[in-house]
Amino acid sequence: MEMSVAGSSVQPYMRLREAVSRRDRSLREKVVSLEHAASLVADGATVGIGGSTMSRTPMAMIWQLIRARKKMLSCSRSIVSTDGDLLFGSGIADHIVTSWFAQGILWGLSKVMRHHVEGGLARFEEWSHMAIGMRFRAGGMGVPFLPIRSMLGSDVLRMRPEAKQIECPFTGEKLLLVPALNPDVALIHVQRCDAYGNAQMDGLQFMDIDLALAANRVILTTEQIVSNDRIRRTPDQTKIPFFCVDAVVEVPYGSAPHECYGLYEPMMKHMEAYVAQVNKDPVGGMRAYLDRHFYGPASWAEYLSLIGMEELLEASRRGRSIYHD
Amino acid sequence: MTEAQPCTAAEMLAVLSARELRDGQVVFAGVGIPLLAATLAQRLRCPGLTILFEGGVIGAFVEPGKLPPSTNDQRCTKRANMVLGSADVLLLLQRGYVDVGFMGGAQIDQYGNLNSSCIGDPANPKIRLPGTGGGNDISSLANMIVAMKHEKRRFVENVDFITSPGFLRGGTTRAEAGLPAGGMYRVITELAVFSFDDEARRMKILALNPGVTREEVEDNTGFALVFDDTITVTEPPTAQELATLRMLDPERLFIG
Amino acid sequence: MEMSVAGSSVQPYMRLREAVSRRDRSLREKVVSLEHAASLVADGATVGIGGSTMSRTPMAMIWQLIRARKKMLSCSRSIVSTDGDLLFGSGIADHIVTSWFAQGILWGLSKVMRHHVEGGLARFEEWSHMAIGMRFRAGGMGVPFLPIRSMLGSDVLRMRPEAKQIECPFTGEKLLLVPALNPDVALIHVQRCDAYGNAQMDGLQFMDIDLALAANRVILTTEQIVSNDRIRRTPDQTKIPFFCVDAVVEVPYGSAPHECYGLYEPMMKHMEAYVAQVNKDPVGGMRAYLDRHFYGPASWAEYLSLIGMEELLEASRRGRSIYHD
Amino acid sequence: MTEAQPCTAAEMLAVLSARELRDGQVVFAGVGIPLLAATLAQRLRCPGLTILFEGGVIGAFVEPGKLPPSTNDQRCTKRANMVLGSADVLLLLQRGYVDVGFMGGAQIDQYGNLNSSCIGDPANPKIRLPGTGGGNDISSLANMIVAMKHEKRRFVENVDFITSPGFLRGGTTRAEAGLPAGGMYRVITELAVFSFDDEARRMKILALNPGVTREEVEDNTGFALVFDDTITVTEPPTAQELATLRMLDPERLFIG
């Protein structure tokens, strides 16, 4: 508990301001490789992960962090899917802050999560979904907390001394103050952005806008890098401003085998094979999966070809159908 | 349950829950049975029913055979009226715009508290469950319908862990904890339909499902149920209800 | 001051919930006339006004409220322009809550505002721009306050006992808690919405999304009512959900002589003539303006024709140019 | 100011303020001189300068002859990188993403406090001014450049009303009031360029404009100014600076 209190402790305002002022927020090109981007994530860092469940997961970045053998990361995400399995199973993270953690509703419990949490190898810090959202939002607003009306009276709150119950100074009502969450680094995958990091997201936004504003460093992966003119033609589709972004990596199918809105749906054959393999043997099955799909491939393209052309085509057909009627 | 229309327990849950919804309601639904039931209601009786998903969707229309694998997938947005952030759609509950929260449950107690976090000591759990997701927020802020399988190990006197609050310790404890709004409205199982009495806030039987006896319900429940003197028997699922339901889930992903 | 405290007092949560539950939030057509919509605004009501300065002002609705001779309205808006003059000058409002109140930067001080405020005929309650935004946002979130880091140390705060300074329970820092603002009714003008009230706004959003969620009743005026299918084709352009909306009125050029993003810019000849007339004689000039443009016309179309076809065409040409390169 | 290049006071303000900006900075600008000066800097030396408007705009490029009448007009969004809510763009200041806040002023005091609310007793003002707008937020949260006309009635010992905080009562009073970040960086007038000393936080002359004497500045200032032993003289506006400025505001809406 003490560690997790530390992990969620609110950063003093001037420390946050100094961290921002140290970043180069000028309008500059910041396109880098996955390898370089991974070097921006220090061992022991707190890492905010964009997307939710199987959607717009920054899988390529996670893939690279695992290949780079990072250590003791503390990760936060609205809802965690197989990305959580991989973070624990690879040993790069020993702490995940989220509201829900399994592979997906279809598959019941994650044996990988259970193995690590029940065995005391790693911690699953649970907050309500809205609380996670308000913690990122407070972080993005530059305030130390936001008030909410959920979690009260529950054991979810009893396990979270980091949150504070108060009596409202205006109404006398009971309220919960949830602490700001300002991760050291955020990993966010988007449909498109320019070389400066002006990012446009289509469809579901999840908590990515608040997360990008909250983090002390943002690594964007994008399906495609587009021109700044393309961005300026539709400024109200821009959801993350360039000056919050520290690195941009172009990674087609960067969420595979998860989905990216309007481009591809989850690659379900691969997901089902994965789930069967790791839930049958959370240790050996996971090791084999990581060896084959994470450590083995020479490149992201090779990783994708292991998922298979047929799956990519089918997922793309489904993904694009969202716009086709 | 060998009625005119044979059906699975999941189908029974979906049909009976769908009947609890009214046209024009704003319903915050989870995937699985809740989404199926809400969509069933939409197709049969409630064209003006609005479904919200925690992924950030208002007014979704699920297409037959294209059920989303989670409430955070793009399929949830197909033909939706509005897409917004996850925190923002949850805040609509807090502001009071949602009529009904509708979810499944793993473990429930006599006061309607739900556990989806852990079995055993939370500090050192025997089984670590997936957690609340939006469940805690929804049940803290809205009137709830819960659809779940009826087993003794799932219907316990007190849940190991209160993930999603019902009436907490009964009486006025929910409001005193800072949750003056919302609360458990209905619990639907393959055996019966339940509500909660107005005073003690304990679970009580409203209606038995066709062919189910009081004893059968009691044998499968880990606490003493409240029985009204007026307990009805639910109407069995109709051919139309089942046909529509099966059309929505042709691969039987959720209806078993 | 006591009155203004009352005006800004935070509504208890259950009163807010009851007000929402009394509204018919079902998916229903709610298209009405301007006259009917005006009947939904009671004398003495607190009225939130959408748009900002000269942009997306719900002018047609204000026009109708003035024609309906409403009384003692208390209005709030991010930034107030000639709409504020008209609300005070017509006598329908005696209290305006905003961060800035003049006709426009180009024209210096509003003699109409000065006449009413310096003469004690009406009150101008000043908050910082961000504070107004956070007050609407708190109202829209269903919480009694939000914390901010501005207004502190200033006389703007000294005049606002409704706000509360606290020491942060997490960091010990000084913070200001601004009280939620939940107007009885919001008036918002949009480019398009459907008959249910699903509203899509292009370009600048100002504080309209928060305002719509915060208000206990929302009256939308729209340049055009479109089909629900049109809305469902671009759900991520929908900014206000139908269940927050109580009435929809189709009013082409509904912000004239102010602008509506992407459709028309401000009608500057008219604005300049107006400003010259009322600043020369805040009483007589205003009375003459109201008689000619507000009380006189038989219809909104007649009001527009007094502004003049040439002005409308020129404003439209400029307005649409935003998309033309 | 009869230099090689004759210019108006407003032009002098715009040119000198523009010189205070650096390429790559994120600048929160008001309309009028601040917007003109930021755009001038963008055209001449700082192509990577990013302008924010309180209407909800990031990265605007103002077109010559199409200056927006306010920061809330659609013209502000032309070729912008991003459009967002007004509260959200102001929150960027609070989070610390903005390098410089840049605005005009009606009345300023020795500690850089600005008044745009009222002349006389606030409860019963002799003149009610338009109010803060975003001014209070910007000056509470960012490092400030203020461009304003230099008149004795505008440069007063203590403003009638602190609308936008400078260093409040000097020394550490700003931080003690809950404003640890930001503060006055430069004040630019047609007579001189000012900063604030590090201890007392009182206004001090950095440089005199061409042809302006200390006495002239003192005669037009309602409080005792701090004079460094090293006071420079500003470079007069160049032909290129003035030509670009006049190209941007051909109707001379803001440059007088």
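For reference, chains read A, B, C and D in written order, and residue numbers begin at 1 within each chain.
Note that in this section a contact is a pair of C-beta atoms (placed from the backbone, for glycine too) under 8 Å apart; a residue touches a chain by one contact, two chains touch by 3 or more.
Since the structure is predicted, the reported quantities are computational estimates derived from the model, not experimental observations.
Under the contact definition stated at the top, the chains bordering both chain B and chain D are A, C.
Ranking B-C and A-B by contacting C-beta pairs places A-B first. Chain A and chain C have Cα centroids lying 38 Å from one another. Separating the CA-averaged centres of chain A and chain D is a span of 40 Å. As a whole-number value, the distance joining the C-alpha centres of chain A and chain B reads 29 Å. Multi-chain contact residues of chain C (touching two or more other chains): 13, 142-143, 148-149, 173, 175, 203, 236.
Among the residues of chain D, those in touch with two or more other chains are 57, 77, 83, 91, 94, 180.
In terms of which chains touch, the assembly is arranged in some other way, matching none of the line, ring, star or all-to-all patterns. All chain pairs that touch, listed by label, are A-B, A-C, A-D, B-C, C-D.
On the side of chain A, the complex with chain B involves touching residues 52-55, 78-79, 81, 98-102, 104-106, 109-110, 113-114, 117-118, 120, 124, 126, 128-131, 133-134, 136-137, 148-156, 159, 165, 173-176, 203-207, 209-210, 259, 261-262, 265-266, 268, 319, 322.
Within the complex, the chain A residues that touch chain C are 10, 12-13, 142-149, 164, 166, 168-171, 173, 175, 177, 179-180, 202-203, 236. Interface residues of chain B facing chain A in the complex, by the touch rule stated above, are 31-32, 54-57, 69-70, 72-78, 83-87, 90-91, 93-94, 117, 122, 124-137, 140-141, 161-165, 168, 173-174, 177-179, 253.
Across the complex, chain D meets chain A through its residues 23-26, 48-50, 57-59, 77, 79-83, 91-92, 94-97, 99, 180-181. Here chain C touches chain B in the complex through residues 13-14, 16-17, 20-21, 24-28, 140-143, 196, 198, 213, 228, 231-232, 235-236, 238-239, 241-244, going by the rule given at the top.
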